[in-house]
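I'd like to ask you about the structure that follows.
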Amino acid sequence: MLSFFSRIPSFHPESRLLIIWEALIVLVTLYNCFTIPFRIAFNATIYKNWFLLDNLADLILIIDIFLRFHISYTKEGELIKDKAEISIHYRKTDFKSNLIASLPLDIFVYLFLPQASLILMGLCRIPRLLRFPQCFLIFRKWDNNVYFNSGVVRMFELFIIVFLIDHWVACLWFFIGNLTGQSGESWLQGDNLHLENTTTQYLYSLYWSITTLTTVGYGDITPQNNIELIFTFMVMFLGVSLYAFVIGNVVAVISNLDASKNRFRDKLGQVQAYMWERKIPPSLQKNILDYYQYMWEYNRDVTLDFYFLDELPHSIKTRVYCYLYQELLEKVPIFQDAEPCFIEDLVIKLKPRILPPHDYVIREDQMGHEMYFVKRGQLQAFSEKTGKVYSLLVAGSFFGEIALLYDSRRTASVKTLTYCELFVLYKEDFDKVLNNYPQFSEKVKKIADQRHQVRE
Amino acid sequence: MLSFFSRIPSFHPESRLLIIWEALIVLVTLYNCFTIPFRIAFNATIYKNWFLLDNLADLILIIDIFLRFHISYTKEGELIKDKAEISIHYRKTDFKSNLIASLPLDIFVYLFLPQASLILMGLCRIPRLLRFPQCFLIFRKWDNNVYFNSGVVRMFELFIIVFLIDHWVACLWFFIGNLTGQSGESWLQGDNLHLENTTTQYLYSLYWSITTLTTVGYGDITPQNNIELIFTFMVMFLGVSLYAFVIGNVVAVISNLDASKNRFRDKLGQVQAYMWERKIPPSLQKNILDYYQYMWEYNRDVTLDFYFLDELPHSIKTRVYCYLYQELLEKVPIFQDAEPCFIEDLVIKLKPRILPPHDYVIREDQMGHEMYFVKRGQLQAFSEKTGKVYSLLVAGSFFGEIALLYDSRRTASVKTLTYCELFVLYKEDFDKVLNNYPQFSEKVKKIADQRHQVRE
Amino acid sequence: MLSFFSRIPSFHPESRLLIIWEALIVLVTLYNCFTIPFRIAFNATIYKNWFLLDNLADLILIIDIFLRFHISYTKEGELIKDKAEISIHYRKTDFKSNLIASLPLDIFVYLFLPQASLILMGLCRIPRLLRFPQCFLIFRKWDNNVYFNSGVVRMFELFIIVFLIDHWVACLWFFIGNLTGQSGESWLQGDNLHLENTTTQYLYSLYWSITTLTTVGYGDITPQNNIELIFTFMVMFLGVSLYAFVIGNVVAVISNLDASKNRFRDKLGQVQAYMWERKIPPSLQKNILDYYQYMWEYNRDVTLDFYFLDELPHSIKTRVYCYLYQELLEKVPIFQDAEPCFIEDLVIKLKPRILPPHDYVIREDQMGHEMYFVKRGQLQAFSEKTGKVYSLLVAGSFFGEIALLYDSRRTASVKTLTYCELFVLYKEDFDKVLNNYPQFSEKVKKIADQRHQVRE
Amino acid sequence: MLSFFSRIPSFHPESRLLIIWEALIVLVTLYNCFTIPFRIAFNATIYKNWFLLDNLADLILIIDIFLRFHISYTKEGELIKDKAEISIHYRKTDFKSNLIASLPLDIFVYLFLPQASLILMGLCRIPRLLRFPQCFLIFRKWDNNVYFNSGVVRMFELFIIVFLIDHWVACLWFFIGNLTGQSGESWLQGDNLHLENTTTQYLYSLYWSITTLTTVGYGDITPQNNIELIFTFMVMFLGVSLYAFVIGNVVAVISNLDASKNRFRDKLGQVQAYMWERKIPPSLQKNILDYYQYMWEYNRDVTLDFYFLDELPHSIKTRVYCYLYQELLEKVPIFQDAEPCFIEDLVIKLKPRILPPHDYVIREDQMGHEMYFVKRGQLQAFSEKTGKVYSLLVAGSFFGEIALLYDSRRTASVKTLTYCELFVLYKEDFDKVLNNYPQFSEKVKKIADQRHQVRE
């Protein structure tokens, strides 16, 4: 048996299977948190029908103890996979509480004390609640998992907390009403609820609990004695705190939800205030707003994106850039014989540039120090002197490549016709990369010399 | 018919006409979301009077289906205008649900089953509600439109959601009351509401719904049976969530509303704390606070504005600067013969500077490397040695232009008399621009030599 | 008369007197907003006693119209003081509405129609409410005033809004109850309130209004007919919106209140998480936390402060620095003969440095490029080789001044004994300033040469 | 006596003992704030039993006055320990109010006017409440203490405020009910509460107070006369303000709680939006997300941490770095004979670098300018040409050390096998440090020459 277990490989703490198992543990724990207080408070006779379910829940908790000897854990950022170390770590931390939480006391009571009251059997299951804090650890872990939506996890957690608190308050409220009702007036006598069946009693308890915690306060069920009064105070206090906590969390989630849009809106607001104050003419205002609309809608403010790419480690960054832009580079004749490595090194030097319609990219006769690749949009190469249109440049085109080889004046102007997304490759970046590839560098120089001579 | 449609040009997804049409679709959908549940719940006999309005609403939805084959959509940031592609895209996405939502089942029922109950006819219109999610897509689109105020769109959306939920809860509450009232006690029996007319019944249902959802909870209408109890729980839960959601959104809107002022206030708070702690004398404190007041009131903290201008693409930036400052430059004698291009290139090199009263801009005998343009305020040029005032400089004036031509010591001090907004042009920026205009450069050099010789 | 007014100087829009006058206008407007709806709703017979007060209020509003021709306004950031321009500007904007708001219609009614009902006289005063939006403009102006606490202004505004809405809802509630009570059942019949005196009626109306708007909802006064039901809906909706608005504002005010502390706490939290994770030894942790405690308590994170000083215009910055540090510099022998200008230029080059106890400032035998001034704390100059203590340096001391004159190795180590606040003056900054003072520069060089020769 | 006190050393305002004493003062003040209004309102006969406790509380307040002459205070950031100065400072500030708050008037009344009513004795203790503002100063001080969790302090303060306000409102409500009940109807008559014992009366008062302040509003106790109505208004207003205040604080605490996680989530959200829009292939997306997951989980976004270290003063930074990384450096053969000082100077030049699996650190034949230390993870040194694996590098290893001695091409490629945390030491940093240690520098040069010759 033990040798079988020792042969099981250790699980990664973030494997998908484990997440499902954790969900099961959460479910079982919530089941216990729901049924145990209910049975004690209402002395419920439904117990026997749920016997199977109870035992199934217990079985899952017991299996979890065995399983936990096989789940790696992280120590100072390193994943510990060694079984012996896992065992020591688990025994030091949760093992004892998990063991106590799984003791099947109720089965013993059921077997040896068949006459025991239902309340006693309910009490026997109380240790199960020791598992409750574990739920929050699991929620915390899910919340930290980048694959999960943090907002959803938090809202789910909030819902569980609110629902359980409502339920527990309802159980306690009935318990107090029942207890004080035996020696005086209680809220149960009000509507003759002490004569109703358990379902109705529970529903009315829950009704009062939710009515009070949500601060609706219909006032059809009110405390009738001092103990109930004190309990009501505490519930109302709890209600306000819970409310503030719920609102606090919802506010945090909502304000994080669209943090990036809010920043954009904030910037836009400043831009608008500026334009309004400086009395910028409406047509120019429209141009500026259109530009921001374009930036936001098609690029979610591209400046942020490229900032993020810079942060990634080199290997991942290269792969992202290659996926996105390699195609653009491979079309350029002078790069066609280059090694793949060279293209990879070059691709991460590309810099994005977004241009509105009718903007000049390069101008005739000015010195050029960079070449351009067209990712999106249309441009026009033409002569400013004669007005002659040389060519239309669309997605996948490139221009100005001669500037990479030798310093020269531009032979044509290039103007955008639509919104364009270009990538720029600067000569100095190109030269830096070229230095690492001496063979290819030789070749490029030859081409440059040839062209230059031809030109002169 | 089809050929007619194919001749219609495709609409831009942000054209003004389309926004009006979308508003109409939202209106029709809200009409359906309001009337359909109402009729089913209240078995309302007002049906026939509204027949025309219903059919008009249906007609609009059907027209929308045809129209949607002519609205461009964006794919990876590019606008797709091709009819065939639009058609494929629409058929793949919303077409089916839109078609189902527009099936005129109720007309068939009306024509072929004239004896059918009103509820059945209400049920036939339920598919119309499939259009509801589209409303939120439209709201989202409006929210992303830079021409619309994001806060207003969001508040409007919030209002619609809250109102519809209130209405639906009211309908459901009456439906449940009516159903359970047939076989026992329900809330409707409480005030003999089951004998009242539909209007009163609806108003009381809505009254309870709003009372509960807003957590006011008067308690004059309370649940009377278990089904009503359970429904009440859910409504109260919904109420709290709705409340938290409303507050969360309002908080987000308010805190975004004056984000720029808050940042300013935050800075001011730090400045005040600093001055208070360092025991800066009151008169100096007043100077500093006045400066900040001036900065905020007349420039909304100008540093932010100029940061924004830097971000704009070159062509737009040039147009903004030209609009704002070209006039200032054209007054300078040495620039008067320059090409317009030169002025454009120069104008975006201007740097703003805000100065408080009695601050020195340049001082006699110190080396000068920049010239100044006065945008606003008054300054005084004078000799520090003799105290003689040479001239008063007002908006539109400029000074220090010789520093652009050759390195020289200032011949006078210039001091601000009021709060001033100046623009600085540095020699190095001027030289950079001059390099691109060899002809004009020659001319400037000549002038410089002449003046220099004269001076020596 | 007119010539008298024209001789009045124009008021600055932020003068203290004007703020008091604006406060008076706000008071008068609130008085009108309170009494006018009250009289109309309650048909109050208290009218005649308040006659004098009404006329006083009207008088103030009329004076305000005259006054406003003498208040400067700002246009594109410039203050317009010219009477003619002010007059044109005022006539174009608020003049008409102010005039209508001040028409003494009620006096005419009182004089010519002495039999007119009180309601009619109340209605005559309704135009006074046109002044209400002006209140918000005044609040907005106060909110932008750097001398006022933005949070207090906002909370005051919020209080006014909430109180007026409560009052107006109460007036409307009574009005509706009174109207519908004449032809059926209304809430007034409930407690026989229609027979009570006006005070009690008003208090009960206000009681219901506040109970509903605050969502307390006792439920002892509930709507009794359809019109009241609909009004109740609207009030509950308003209540929720108001609540969300109040909370939104309070959240904004609180989160701005201690924005600078929150940033500090956030940083501290990260520091603690880092130390905890890297298992930094407790004693070192204590050192780090003590350092942050010191930084926060005595300097509010000094880095922020110096950032703010950099932003100020040169003249103000110089004055702040001179006030704070001039004394330190003037003690240094080599600066004692310098011109005041020189000290001023030097003082803004000082850079702050906070050091914890037992930290080395300079070390024996290492090259020195800067001198130090002690602002606070105690340091020790000693020899690391022999351990001999040369001197104790306290607030006002300086050391390392030779490094400003020529490159040399430090002759002693200096160590902090307590937390110290030092100012550093770098040689390059010193040289830069010296260049502008050729005479003093000569002198300094001479001293340097002498000392250097002595040393060699 | 006085000489004894003067011999007591002065206490540091943040010493642990003082914090305990402050907690005691808070406790005593809260005790007074609770009992004094209670006794006055309820004319409580429990007075005599609490006599001892009252006098103990008074004694503590008197001792505090003496103690406060011995607590240092800070003035302009400097700690003033001088007894005379402390005495002057204390007498100028709180001394008088503290003295008045401690006057044992009630003892005199008790001794000389034994027949005096209990209310009078309650009134005599009212000056004790002057100590209340001090509580908030103490809370503020705790809140600023970096060793205390700001959120916990704030929540505790909030709880105290809410509880005391509830209590005071309850006392006032009973007081008003009692007063108005003597000459008419009051809320006390409603349930015959004026005949109940004090405990029940207090509980019902508190019940109403909490029900109203939390906006639950059951409505079983409602105001019965005009004075009670007006009081109810004020309480409801207070309730809403309190609610908004509580929510505002909770929102602030929650949003500060995980500010660093929110920033991370915000960045992640942008990254995901970018990847989704650019259609990055899923496998690459997974790599990127895994990288962020690793960064977050094991390093809490390490970039922030290293930013914080840079801010620390030099001596503390050195100690942190030495603790963390000294071990790594001391293993390197060429550093083994170095002075400890040298290692210390070198250690703070280390730069962290996190790499994902399968990323190249150095590549064969490329020029090397830095050496690496492995903090965590596994790497492989191998030849790219032959594919031969030279060695496996684990935590504690280092490589590329030759690059520190002379410029050379790398002799092998190094690739990560797992996530790795490396530290880089650049040649230029190494050289800078070496300059300060001429002796060791000589030695290093010799080693370099030897190796270089060997290699050639």
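As written, the chains take the letters A, B, C and D, and residue 1 is the first residue of each chain.
We adopt the following convention: contacts are C-beta pairs under 8 Å (C-beta built on N, C-alpha and C of every residue); 3 or more make two chains touch, one makes a residue touch a chain.
The structure presented is a predicted model; accordingly, all values stated were derived computationally and were not measured.
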C-D against A-C, pair bridged by the larger set of C-beta contacts = C-D
Fraction-based call for chain D against chain A, same above half, different below = different
Copies chain B and chain C - rotation angle from C-alpha fit, nearest 5 degrees = 90
Approximately how many whole Å separate the CA-defined centres of chain C and chain D?
-> 26
Would you kindly tell me how far, in whole Å, the mean C-alpha position of chain C lies from that of chain A?
-> 37
Shared-interface residues of chain A (touching two or more other chains) are 76-77, 215-219, 243, 247, 251, 255, 277
Could you please specify the touching residues of chain B with respect to chain C in the complex?
-> 162, 199-200, 203-204, 206-207, 210-211, 214-220, 243, 246-247, 250-251, 253-255, 258, 261-262, 265-271, 273-274, 277-278, 280-281, 284, 287-289, 291-293, 296-299, 303, 354-356, 358-360, 366, 376, 421
Complex contact set, residues of chain D against chain C | 14, 74, 77-78, 144-147, 150, 212, 215-219, 222-223, 226, 229-230, 232-233, 236-237, 239-240, 243-245, 247-249, 251-252, 255-256, 259-260, 300, 304-305, 308, 311-316, 319-320, 323-324, 436
Residues of chain D defined as touching chain B within the complex = 76-77, 215-219, 247, 251, 277-279
